[in-house]
């Protein structure tokens, strides 16, 4: 069982920054998705296998982020990933980005919807995916 | 006077896509920001001059997008940009992404907040910026 | 007939830069590939159709760039694209990046090799591709 | 003393791929630069401190890569980094990208040139930088 929140670490690289000297905002979503990919692999439902099998696709239908503190080149960032909601054919992931002072630098949320290989909406999340997500959602470690 | 909505066009490139064969969601924000940069240049308040002068910085404090239709390699996309709101020290930009069938493929919203060179919150939007944004907000062309 | 060199224009955006205040070097290749995609579309052999048909793939086997002058946020850049060489199953594209003073800011070269759908090396460039590339290569406009 | 080659690991993410199902070639350079940043940090001359101090800048004057084997979504990649050459005011880094079969998937080379804060060419590499690079170059571990 993977404890929730799932944690993912990265260092902010030169290519993450822009001429204003901070993280270019859109790159936060790249890191959020990396954290999501790592979570899915840890849960036994890796995205790469899903995409190459071509049966189950999980395109994003929503993404949002709030930026509270600047993130700069060289910053060590911890991402805490939780499942915010599981619906019939979609689920929402919540991300908290902590800087090296353990302050919340940003938060993000992505919503993923299962579709069939032909692009039509799936009736339900695949049983394997639902089981993996549900088990993770309920595995919070007591503080 | 620049009529609102401001329109910006781009072609979806190979590097915008991923192995699932569609736009990688985070890249929508890159295109939104390109549209925003073009608008600011058209309004006479180009971001590059602002950033290199270093007096006025406009970091994003919020970004969000909804994805309705897949965007694929080679798609011609029109972005319609409007100002959703102007506040004391921040403003919100709204983006509509139309595919070549003129269907809404995605929408996005970014909120930009003015800060001083030392990172502290500005008291107000700079007069030049407020004038430019306000003039554009009120320049809707009658249909 | 498309005259050679083929020209492509872009403006250097905030996300192209990094905290050192200049183009992050790897993004030059993104712009080179955009110019290449535009050329292929102009020649009637668009990459997106090729990739979605899945019969002909043209992965890069080599890429290189030389950086001579800094490129900065807001710079208007002209890219001049020529075909440097056509071989049995591969071809080389040459790119010259001119800044707004019409100085050479960078040059680049990419080599593309045709492979079959199963990943094996193609015997030859497809006739349609060879015809398009050869016709362009010989269409230099006299100065 | 850091043994050479310096090794850096990464997993190929969805955003590294494109609609052709493989690594988009330009992203290899992003990973090469991440490996370079990690090496510089390990050598005690981190790029982020150098850039924010603003005295020593190391823009790339050349970058090249050869692609031998496809790299795909989910691939675990090892990068082996060595210093190929140290000159008066520049140095060359060599990268070997190994896939999970320990085959060479790609190689790359970058050349970095020291400039002064005003953009002029530096007379020499800074002593601290030269010492760090030279010590690493000579620290090969016997096989």
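The chains carry the letters A, B, C and D, assigned in the order they are written, with residues numbered from 1 in each.
By definition in this document, contacts are C-beta pairs under 8 Å (C-beta built on N, C-alpha and C of every residue); 3 or more make two chains touch, one makes a residue touch a chain.
It should be emphasised that the depicted structure is a prediction, and the values quoted were computed from it without experimental measurement.
Since chain C and chain D are copies that touch, is their contact same (over half of the numbers shared) or different (under half)?
Copies use mostly the same positions to touch.
Looking only at C-beta pairs in contact, point me to the busier pair out of A-C and A-D.
Result of the comparison of A-C and A-D: A-D.
Roughly how far is chain A from chain D, going centre to centre by Cα mean, in whole Å?
28
Could you please state the distance in Å, as a whole number, between where the Cα atoms of chain C are centred and where those of chain D are centred?
Chain centroid spacing, chain C to chain D, equals 24 Å.
On a C-alpha centroid basis, what's the spacing between chain A and chain C, in Å?
Roughly 34 Å separates the two chain centres.
Indicate the residues of chain C shared as contacts by at least two other chains.
Those would be 14-15, 19-22, 24, 26, 30, 33, 48, 51-52, 72-73.
Spell out the residues on chain B that touch chain C in their complex, using ranges where they run on.
Going through chain B, the ones touching chain C are 11, 13-15, 21, 30, 33-34, 37, 41, 46-49, 51-52, 72-74.
Please output the residues of chain B touching chain A within their complex, sorted ascending.
Listed in rising order, the residues are 19-20, 22, 25-27, 29-30, 33, 48, 51-52, 57, 59-68, 70, 110, 119.
Which positions of chain A touch chain C when the two form their complex?
That would be residues 14-15, 17-22, 24, 26, 72-73 of chain A.
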